[in-house]
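The following pair of complexes shares a single chain, chain A, combined with chain B in the former and chain C in the latter.
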Partner chain A sequence: MKLTEIPVDGIPYDHLRIEKIPVTPAFAPRDPELLPASSRVLVVNPDRICMPIGAMWAVLGIHRAIPFVQGAQGCTTYARYTFSRIFKEPATIATASFHEDAAVFGGRMNLVEGLRNLVVRYWPEVIGVVTTCSSEIMGDDMTSFIGEARMKLQAEIGPERTEQIAIVPINTPSFAGSHVEGYDRAAKAFVQSLATDRDAPTNRVNIIPGLFYPGDIREIKHILQEMGIESTVLFDISDTLDAPLEPPQSIPYYPPGGTHVAEIKGMANAAATFALQLDAGGSGARYLERKFGVPAVVGPVPVGVVATDTLLQNLGKATGCATSPALRAERGRLVDAMADTFHHTMMKRVAVFGDPDYVSGITRFVCELGMTPVAVSAGTESKNFAAAVETVFSEYQSLFLDPPKVFNGSDLFEFEEYLKTLPRLDLIIGNSKGVDIARELEVPIVRAGFPIYDRFGYQKRPIVGYRGAELFLYEIANAVLDHRYPDDRTQQL
Partner chain B sequence: MPFVDLKCNEKIPERGKHIYVHDPENSVIPACNVKTIPGDMTERGCAFAGARGVIGGPIADIIAMVHAPVGCAWFTWGTRRHLSDLYPWATPTRLANSAFNRRYCAVTDMQEKDVVFGGMKKLKQSCVEAFRLFPEARGMIIFTTCTTGLIGDDVQGVARQVEKEVGKLVFTAESPGCSGVSQSKGHHDFNTQFYRQVKALRQRRPELKMREEDKTDYDICLIGDYNMDWDLQVIKPLFEKIGVRIVAVFSGNERIENLVKMIDVRLNVVHCQRSAEYIAHMIQDGFNTPFTRVSLYGIEQTAEALRKTAAHFGLEERAEKVIAGEIARVEKAMAFYREKLAGKRIAIYVGGPRVWHWIRLMEELGMEVIAGACTFAHEDDYEKINARSKPGVLVIDSPNEFELEEMLITLKPDLFLAGLKEKYLGRKMGIPTVNSHSYEKGPYAGFAGMVNFARDIYQGIYAPVWRFQDGIPEMPQREGED
Partner chain C sequence: MVVKGRGHQVLPDCSRPTLPGVVSERACVFYGARWMLAAVPDVIHLVHGPVGCAYYGRTVRRKSYRLLSTGLDERDIVFGAGDKLFDAIMEAAARYPEARAVLVYATCAVGLTGEDILRACKRAAGKIGRKVVPVNSPGFCGQSQAAGHDIAAAMLLEHFIGTGGKRELIDNAVNILGEFDIQGDLNEIEDLLSQLGLKVNCAFSGRASTSAMADAHRVRLNIIHCRRTGQTLADAMRERFGTPYLKVSFFGPAETTSAIKVIGKFFGVARVEEFISRANQKAESEAAPFLQQLAGKRVALFFGASRIGSMAKVFGELGMEVVMAGSQYGCRGDYQEAEAKVANGAVLIDDAHDKELAELMRKQRPHLLVGGTKEKYLAHKMGVPFLVFPQEMGPFAGFRGFVNLARQTAGLVSGPVWRLAHG
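Moving on to the complex of A and B:
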């Protein structure tokens, strides 16, 4: 720092003059034998988090609901931190605060006391009890603990008020699956405990959006509204995790919106359940089908033209409702945009990574754009993903000279090292964990999927539906232009 | 009694002994560093976060091997802004985009069968593989978490085996999340375990000590600074200019081999006295190396820190010159912010020490701290808070979210200095916030950093957005559906 005077606006980063020091004198390739994740036990740069955070995400989409995490504080606090990083919103999540004694004697007292303390101060309408690795290892018997907590509450606040609070246990030991499965288990747990009767069938549909963002959920609601379909969106984070700033704010903070318990109760009466992501939410849909005969429509992930068409067709079949002129115009605009842009998207070599459903949905869309996926990677292993990308690739065979490389359940380290061996790559699409890779390879990254924390606004821009696809397309095309045409050749596009 | 019962705590009266209004005539220390009340919506993290995130994470050239299911590791991957200048190669011609300590996340990814049969074999193999994949690493620290703590893997044994096999330094930091009441336990565990292991290592391999001919009479170690947003880039030159040599920083942007030499210095200068004073004590007890406590935030306190350090080495004159020069550099900017910020009322919620580090700093800017809350402070932190506070300051130990909300709504501070989670809560109430853990746009330490801090505070308070928070003016409103 050679500044003789510190300006009023402080020291900008570039004035700090941090010189990068190489950790070794020269580049040495990584041990090729250990690059495939399957050839080592070590995981480097996982593209998945643990089950509880998926379940917490789900609970946060319910009206006046609070997740209660049965474990030590970190599993909760880290998750709250992650939600705040992504959504730039508060995330109210309670923890059982396991300390050493709980690790020895089990978490019974923590749950019983904890639920009581939570209820008498916050008066939530719903509590999703989310377990963690530690409570599962200790073998906490959640059903009996919750029963005991209910009895304690009855004694203190009376049976009636206790009755009004729905407490839903969700078993989420992280060593058995990722955040995707956590969400999936939450979906099943909620319908299983709350949607208990098919007593008055309706023409409503259930939507289980999966780990889609507020912007995506709003887009889906827009489609439903245009078609005149009434719906229950289970785990509707579109308001709870995107709340307006309009004080005075009453305390304790509850965000507006979220799915109401009464709506969840009615889910067994629906005409169909649509799980937009197969691995995150599909179990909830299938449960309702098995138990009450509510048809389950699981996937395809509605990103791009054909998948959105399919969604609309399926919605129409389930309800007898038709598309609207507005929706048809949106589709037309998307197709028009594709016609306007294909000279800049076709044959561009793209790599896609993230949660399985995001990747399979996006992969189909980039193929529709005429791009060439060279590598796709699902951070959580998934059969649905494998099948979905295989179908897409066979439909779009003409785009490929070599078959694209598919990573299923691998880590980002393997993925990145693979990308580094490619002769050419034009674009990466994925979450914030891929930014380093993109910068190092000097290719642009379009952010999509979970999680995105290093920029603003991505949780609000949809990629689903016709309008979402159109916005997404512009981002993709402009990223290519920014990167490949730094000069004035873009004066005519 | 200075203790107060908040309205939100009617049903958990035990919280009363954690909350007081400071009265110099009747000064009290709240219940602190005790168990969290389950379900109280605590903001506390886990011990592992203290060990891995706070102290282990900033070390520049080691592999942080998290022996756990994937989550605990993912959450600590590149999150805290403890920056470093040591970069791996990305391609033959380019260095990586993020420094080595934040670029990779190494985890044993414990699965169900490992939980049942034990994870030691997996850990051992993971460590060996990690050294093969990252030969640039100078060492490794193995961290345990609740899962591996509960199943009782002997990680120290594994560490010894790996060290033998690979020939690199391997440390362990066993501080499972549930082993303590807050992050603070992890700080403590890391300090004691690391000190013990460094001492043993120096016995085993004396060549790792600093050679006599390399020592100078002006060697210090800066303890308890983690290089948040490059704080060290403004702090280190100050010490160098007064004529002392920083041999090691515990642990911001430090190389593991320098940390082994911590014990060879003449003086330890302790910045964060909550997370790292332990090791300074142990070095003092074991090797008679004195330590001094400093604060490196704010103009006066930074000056004082330099004076204290200089006095130890007879470098007072040089220190005065440096201080005068530095103050002149920031004077114009500081004058601007003092005028803008005078009279503003501040609430601070941080881990612990920053509450007392920052009381005087706020006063330098003409502001007044009206409330202070700490996640994991101990008695000595509250003593320091009491010594620096004006009468009437509300102090909360280990606040839960509801208490913070009540504090904000009743005191209506002009600014809330808080962590990331709470900052969004404050904003929903229309109260400006500044991220005080990882900073908005640091560095905040030292003289130059103080200007950045003042700037971010100013931006917080004066952002035009706050004018628009009351909705559409004079407009009839239709009631909503919700």
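Moving on to the complex of A and C:
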């Protein structure tokens, strides 16, 4: 049945069509001068969001923690909406509710009163105070405001209970970076304010997953368990943003799981810190190395065979634990699947976009599959990204006739216009913001990265590790097949 | 928060700022302005601010026609971004030669640096020969999105509405004020009006092109379909152009019927009765099986204030008991209207935050909560089914919309998953 109508008679399906650019028939070809993002001041279809949301993501991965956003309501509400759309979970985030008076007098009252109101209503164990453009422009002095708020709390609920609440300031002036940097700053802020002593070194490892989804974090935990390694996952959203439905819940609602404060305190005692994403979390790992000599292993992003191999080796080196037969079997199954699908993946021309770490990780994996990346685009500018993809390209030179186009800190308008000039493109891999582009170019899209809000289940399905890569491979292969061989008569398997 | 009882009317406190430190369901002024203006299709929407606000602006009403931003960075904040804004307008105009005007939204960041947006707009307007209009909507300059609605309405009145040269009335044309064209609602209403031989010129703000707005003063009647924004616009247009207005609702068969009747009477259309009774009968028989499932079920409402009253009535028509009606940003009039339509013992509340909402759910034990996506998943965790409103699947307006609403509501309330979850 061709779907032409939504279930109420008379409403054309067309009506629900996503509005896309251009919307008018009078559409004129682009002015070539305005195509590169670097030659215009205008940002069109940006593939990045603002810093605070990255920090809020991080705080939501902590046990009984609530982000407190020092800004007007909008900056909070849209983040809650975005989290709801991605994770299909409630996101409890408090706002300082700036109004005109805050804009005139600064956000001191809002923070002091706000923290008090938050504490007596919700009794969180951790509050991550996330700043916004507004508070940064006004120059709110977070440290002194928080000190004042603590005094107020002490007077009201007693010093003991106040002591039990960790309040961590995270400076996230959005105009200075994207959500990726917001997460990174949160990682550093948390270890800096909580992991203050290396008093009893252990053989545990720290994992800073970056903006990976609950499914990915579970996969990493599975690997660690197989190797017999004890670990602390910082910002562990695997339960907090993927909680079971077990009504009724008590109020205030805190989802199960999340990283405990005691665990974060212990991070200074670890044997090593693994930051799985270079740009999102790397600073936290490096801080622990500088301050306490905890070795930092930053990247590579563990997507695909080689990168996962490297992760396992590095984990072995840091702890002395060996990889297990089960993991070896997983690797074997992955390469088996790669062999079986290879004739469909090889030489397929693919474009990848998203956050820098997602893109560099996925680019390596598609090269392992024998695909040819023709354009890769990082929505957030990153030095690591440029270096990482260049390394991949030099390792897989045989895949390319022409060097692939690399966009670093570009917007999706530029990316789309470039893709339109290509003679052939078989697949796009990226987040939900690329769906319109794929539609327009009539190319299949495989969803991966941040954010995915228009489909179910992606936040649970890993792409990291051997098993994640295998699932990801099937997504890729099936997308190609769906597109090329849509029915049984054309089936080629 | 108040509980409706017998005796004189009590209304909740409203129109006050949000307490800092709570998990507010309110959005910002900029959001409100976007909500109103997102549906103006043939202009450039330029968000002057850091990239985050623009991303936010895109998600509003899922309409992202030509949404661009100046993507302010650190240097712009320190040294000012007036020139950057000018350049951005020029580039945007070059990129979309077909766009009729440029709307420049001011966000918190530029509100705080206090730069002169108007100057850049004027300068650019002179160069490109199109309207360049600032929308002064920094997020903090009001209590909630409601202030943004008003700012947007005032801007439209000043710069777009009734600016066309011609004066004479267009035959059988009407405007609809406060109709947002969610999921085909406007189509439903247009269909009904076409039965009366009427044509919709422009819907504020579901479908409002610049040319339709320019002709907006040439209609014979303004139909208000949403209290707040609709009323302001209608009053202003009556004063300026003498356009009469009627206030109606197209939600639920009873309201729709009386709406058609009064509009029909205004235009002197005969034989309205017959068509209405046919439509009514059809809706009734189609909705009947669903109403059976809904009889006596409790429902709690929490969404944009202007629709609270009319929706409370519709849920009553579904045979449900409205045990709570609230909004992020109501005004007195909104709650007066809602109060009249809920049962004794129902709770009325303004700007409830998530903890209050959760508590109310425990006390009032609704079988269904109706509200926005943000509240949906908390309701689920509490074990309560949820209907997203403004809706996500199909229209709720008119007769067919009512059947659709009945169908969805019945489906949600009797979903097997809730038995399994509680089991």
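In the analysis below, the second predicted complex is superposed on the first by the 460 of 493 C-alpha atoms of A that agree within 3 Å, B and C clash if a C-alpha of one lies under 4 Å from a C-alpha of the other, contacts with A are read in each partner's own complex, and residues count from 1 in each chain.
Criterion: a residue touches a chain if its C-beta (ideal position, glycine included) is under 8 Å from a C-beta of that chain, and two chains touch if they have at least 3 such contacts.
Remember, it's a predicted structure, so these values are computed and weren't measured experimentally.
Colleague: Look at A:Leu34 in the shared chain and tell me whether it touches chain B only, chain C only, both, or neither; answer first, second, both or neither.
Modeller: Both partners, chain B and chain C.
Colleague: Counting only touches as set out at the top, which of chain B and chain C does A:Ala103 meet: first, second, both, neither?
Modeller: Both partners, chain B and chain C.
Colleague: Once the shared chain is lined up, is A:Arg364 touching chain B (first), chain C (second), both, or neither of them?
Modeller: In the superposition, A:Arg364 contacts neither chain B nor chain C.
Colleague: Could you look at A:Glu440 and tell me whether it touches chain B, chain C, both or neither (first, second, both, neither)?
Modeller: first
Colleague: Using the touch definition from the top, say if A:Ala94 reaches chain B (first), chain C (second), both or neither.
Modeller: both
Colleague: With both complexes overlaid on chain A, does A:Lys420 touch chain B (first), chain C (second), both or neither?
Modeller: In the superposition, A:Lys420 contacts chain B only.
Colleague: Going by the contact rule set out at the top, does A:Lys221 touch chain B (first), chain C (second), both, or neither?
Modeller: A:Lys221: touches no partner chain.
Colleague: Return first, second, both or neither, reflecting whether A:Lys348 touches chain B, chain C, both chains, or no partner chain.
Modeller: neither
Colleague: Where on chain A do the contacts from chain B and from chain C line up?
Modeller: Correct list for chain A: 6-11, 16, 18-19, 21-24, 26-28, 30-31, 34, 40-44, 46, 48-53, 68, 71-75, 77-78, 80-82, 84-85, 88-92, 94-100, 102-103, 109-111, 113-118, 121-122, 132-134, 137-138, 173-176, 178, 243, 245-249, 251-253.
Colleague: Which stretch or stretches of chain A touch chain B in the complex?
Modeller: 1, 3-11, 13, 16-24, 26-28, 30-31, 34, 40-46, 48-53, 68, 71-75, 77-82, 84-85, 88-92, 94-100, 102-103, 109-111, 113-118, 120-122, 132-134, 137-138, 173-176, 178, 243, 245-249, 251-253, 256-257, 413, 420, 435-436, 439-442
Colleague: What does chain A use to touch chain C in their complex?
Modeller: Answer in residue numbers: 6-11, 15-16, 18-19, 21-24, 26-28, 30-31, 34, 40-44, 46, 48-53, 66, 68, 71-78, 80-82, 84-85, 88-100, 102-103, 109-111, 113-118, 121-122, 132-134, 137-138, 173-176, 178, 243, 245-249, 251-253.
Colleague: Note which residues of chain B are touching chain A in the complex, please.
Modeller: The touching residues are 8-9, 11-12, 35-49, 61, 69-77, 79, 83, 85-100, 103-112, 114-115, 122, 125-126, 129-130, 132-133, 135-136, 145-147, 149-151, 176-182, 230, 233-234, 237, 328-330, 332-333, 336-337, 401-402, 405-406, 409, 420-425, 427-430, 441, 443, 447-449, 451-452, 454-455, 469-471, 482.
Colleague: Inside the complex, what are the residues of chain C that reach chain A?
Modeller: 17-31, 41-42, 46, 49-56, 59, 62-66, 68-74, 76-77, 84, 87-88, 91-92, 94-98, 108-109, 111-113, 138-144, 183-184, 187, 191, 354-355, 358-359, 362, 372-378, 380-384, 393-395, 400-401, 403-404, 421-422
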